[in-house]
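Two complexes are shown next, each including chain A; its partner changes from chain B in the first to chain C in the second.
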Partner chain A sequence: MPRIRPSTIWEAHRLHKALPLLLPECRAIPIALQELQWIRNELGDKKYKIWKSCRLRYHRYPLQYILGTQPFGPLEIDCRPGVLIPRWETEEWALDLAHRLPPDKNLQVLDLCTGTGCIPLLIKRLRPQFAVGAIECSPVAVKLASQNAEKLGIHIDICTEDVLKCPPLPHKVDFITCNPPYISRSSFVGDTAKSVQLFEPKLALIGSLEFYENLCDFWIHQIEAFAYEVGTLSQCRYVESRIAADPALREQWRVGTKKDSNNKERVVYGYKTISAKGIDWHTLFRGFGGPTC
Partner chain B sequence: MLSTLLKTRRVFVSQVWSRYQTTVANVEFQVLHPMLIKRAEKYENELEVLEQKMATGAMHFDVEREKHFSRLSAVVDSYRKYSDEISTYKELQVMMVEDPSLRQEAEQEMKEIEPNLRKISSTLLAQLLPPHPFAERPCILEIRPGVGGIEAMIFAQDLLNMYINYAQNKRWKHHLISFNENESGSGIVDAILSMDEVGAYDKLKFEAGVHRVQRIPATETKGRTHTSTAAVVVLPQMAEDSEREAENYERTFKPDEIRIDVMRARGKGGQHVNTTDSAVRLTHYPSGIVINMQNERSQHKNKAKAFAILRARLAEIEQKEKEENARKERKDQVSTTDRSDKVRTYNFPQNRITDHRCGFSLHDIEGTMAGERLDEIIEAMKTYDSDVRAKQLLNEADETTSV
Partner chain C sequence: MITRGRTPIYLGRGLHTCYAIFIKKHKLPPRPKLSIGIESDLEEKFLHGGRGPGGQKINKCNSKVQLKHKPSGIVVECQETRSRDQNRKIAREKLALQIARWENGWKMLARERALHEWEIQGKRSKERKSHDKHEKHREERKIERLRALEEEEKLLQGILK
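The block that comes next holds the complex of A and B.
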């Protein structure tokens, strides 16, 4: 990353006294100005508050925690320290997916590792017919997700369970979405932004294959389709190879990968070719992603 | 003789006083063309028939017909007013010729009713001409600085303020869709203002074009007058810039027609970074339109706004094409009132605003920039436009009858 030139810092200082504090995170003056504008819009014009926020920002504290919210599709999701901030990549695929799901069917959707509850809330908002549930192991996140559901007036069932411990399901589930921790311990130090490393919960970030393993071992036998967010191509490959290795699964399942707008592998999804619910998963997922390459 | 008179007047009347006079090219009042009158009469007959039918209750309620009815009655109403006034006017004219003793009184009375007559005549004329297809729409104003560097940016900001003030004066609902300041914060790089009032497009459509300013800029150290410009684009608002509208609209495009770029973070993305940058760039390949949106924290909202702008621009292009084709069919070279290069000059030292299309000058910069007297310029432009269109219509009619 190129250093910030002193002249840029001076120029920022001329525009607003607190602006140089935003530069380490924003890198450029236009973006810093935009962020300052957002801070002003949300927190009002109180000088002390703005200064305090910029100081926090200087120490790489995430803007979403300062402002307390993050837009997620049409929703405004509350964010709090200790819970992962919804990413735009998640927003992108979740929106695309939610629009593909048939609005007239009565699907049972379950979101694992829900965090703020952004994905299930979005699906329930766009497809009110569905029964949507969420599972989360962190009590802080469960509390926040319930708060979000209440604030937005959307009803979803949230329960505190550990996904990896294969909890018993109260009812049948058709479709599973999940944004599991997928940053490997080795790349957490090198490839992850400072702000994420320092202030976001490691519980929601660090993981390698355990959730995908858990998917292939346990969840896949109870559902008709799934969509898991991934960090690298190897995680997609892992899921695909596990399904290909099992003769029973290989017959029933099709697997694909979706890339995000940044051209990175972002979602691994799979569906049963024959659906008990009478949903044509194949046409539903057409154009969503492609075969893993 | 006249020039000497003017010169002497200048000696006596202080300069400042003369600056606050608004001048309009004083044209002799013209009676509406018989063909237009005939058209109005046709409307009157139609209204009568319709009224009779409605009175008997033979027809069911129909929204379209109700609209048509209200428009007809508006036209007929002003036509009746017009014919009342014009008959008095004509009587006075006759009186003037026949009875020289009453000449002076008649003249005075004519002078009194003339402004009113002019007003009625121009409203009637505007009503008789076919309405613009987007007349009922709200509108979107895009303002960008032209030549002139920082001063142009400052002027663009002034223009933006003028339109916001104008909307406030009229109590129109309005909001800024996008607003990008320049780095020093003294002017704007671009701004998009939405006027959410029904019929705003009809009012503001003549604002489109290049606006020129002549003044001593704040950035000037030697006191020289500079000329800079800013461009205003007026688009009809085809739908609200809500997210749902945008999604529906997005689906009307083929995937290879549009491209949506988001901020491309380096590195792995996903959980690895938490970016706050939500800028969206929308490219429409067939027309080559590129729209940048970055003001909202939500990428989704930025996208919705970008699509609303795209929709408006495409509608505008389509309309311009239609007009162009119609003009080609007529094979005439009538100068158009829209898109001409320089539409208006704001001369600060002379305290004057001149619209170059209709030759109207208003000597009140402050009032206009505060949005209070912008209406006068718009009205003048509207009258001019309906005159031109009426002439065009009559020319066409002449051609068809002569062939």
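The block that comes next holds the complex of A and C.
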């Protein structure tokens, strides 16, 4: 990463005394000004508050934890230290997916590793007659997700379970969404942004294939379709190869990959060709993504 | 002095009476809106700062929306808020304004003209008020001086008698 030039720092200082503190994270003056504006808009014009947040930002503390919220589609999700901040990539695919789900059917949707509860809350808001549930193993996140549900006035069932321990389901589930931890240990050190490394929970970040393995071993036998967020192409390939390796699954399932608007593989999804609920998953997912390549 | 101060104001009043009376801030012509069928002509892009691994590895707060109207080639961008939804709405408002201008041959729109007129009107009324105030004060001073003169004259006549 190139260093910040002293002239840039001085220029920032001329515009606002606290602006140089935002430069290490923002890198450029226009972005830093924008951030300062957001801080001002949401925390008020109190001088000490602005300085405090700028100093936190200088130490790479995430802006969403300072402001306390992150927009997610039409929702405003509360964020707190100890819970992963919803990303724009997740927002993108979750919005696309939620708009594709049939509004007149009575689907049972379950979100695993829910964190702030952003995905299930969004689905329930856009498709109110669905029964939406969420599973999360961290008690802090469960508390925050319930708080978010209450604040937004959306009812979802949240329970504290470890997804990897294959918890028994109280009722049948048709569709599973999940944003599992997918950063490998090696790229967490080298490739991940400092603010994420330092301040976001590792429990929600570091993982390799265990959740995809768990999907193919356990969850896939109970559902009709799934959408899992991924970090790399290899995770998509893994899911595809596992399904292709099982003759029974290969007959029933189709798998695909969706890229985000930055042209990176972001979601691996799969659906049954014959649905017991009478949902045409094939047309539903048409245009959502494509075959893994 | 009086004539120089007055003539342009009266001239102005005379010329623009119809505007000066009718324009009110809450009764301007409406903001241009995008027509319903136009969505197919639009090309929407979300820019998030290009390179990098993305996903859980970075935590970006800004989301930029770029909206292009294909028939005219007009491009607008918006990254004012943190919410992509909000940015999309603002970008559409901006685009609607640009398209309306484009359809109008880049001339001023009725709303803009009205706003401009409204501003001028405000300035003019301010000018008038201050002019009237000065006029009043001048009158008062004149009367005061006349009275002083009269009193002096009376005094003089008294002394002479």
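Operating definition for what follows: the second predicted complex is superposed on the first by the 293 of 293 C-alpha atoms of A that agree within 3 Å, B and C clash if a C-alpha of one lies under 4 Å from a C-alpha of the other, contacts with A are read in each partner's own complex, and residues count from 1 in each chain.
Here, a contact is a pair of C-beta atoms (placed from the backbone, for glycine too) under 8 Å apart; a residue touches a chain by one contact, two chains touch by 3 or more.
Remember, predicted model here, so these are calculated numbers, not experimental data.
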When the two structures are superposed on chain A, do chain B and chain C clash or fit side by side?
clash
Considering only the touch criterion stated at the top, classify A:Gln64 as touching first (chain B), second (chain C), both, or neither.
both
Once chain A of both complexes is superposed, is A:Gln34 in touch with chain B (first), chain C (second), both, or neither?
both
Touching A:His99 in the superposition: chain B (first), chain C (second), both, neither?
first
One more residue to check, A:Leu84. First (chain B), second (chain C), both or neither?
both
With the two complexes superposed on chain A, say which partner A:Leu15 touches: chain B (first), chain C (second), both, or neither.
first
Running into chain C, out of the candidates 219-227, 291-299, 345-353 or 381-389 in chain B, is stretch 291-299
Shared chain A surface residues [contacts with chain B and with chain C]
31, 34-35, 38, 62-64, 70-71, 73-74, 84-85, 87-89, 91, 181-183, 187, 191-193, 195-196, 200, 204-205, 229, 231, 260-262, 264, 266
Contacts from chain C onto chain A in the complex sit at residues 45-46, 48, 50, 52-63, 79, 81-86
List of chain A residues in touch with chain B within their complex
11, 15, 25-26, 29-31, 33-35, 37-38, 62-64, 70-71, 73-74, 84-85, 87-89, 91, 95, 99, 181-183, 187, 191-193, 195-196, 200, 204-205, 229, 231-232, 260-262, 264, 266
Residue ranges of chain B touching chain A (in the complex, touch as defined):
181, 183-185, 243-244, 247, 260-262, 264-265, 267-278, 294-301
For a test of understanding, state which residues of chain A touch chain C in their complex under the given definition.
31, 34-35, 38, 62-64, 70-71, 73-74, 76, 84-85, 87-89, 91-92, 181-183, 187, 191-193, 195-196, 200, 204-205, 229, 231, 260-262, 264, 266
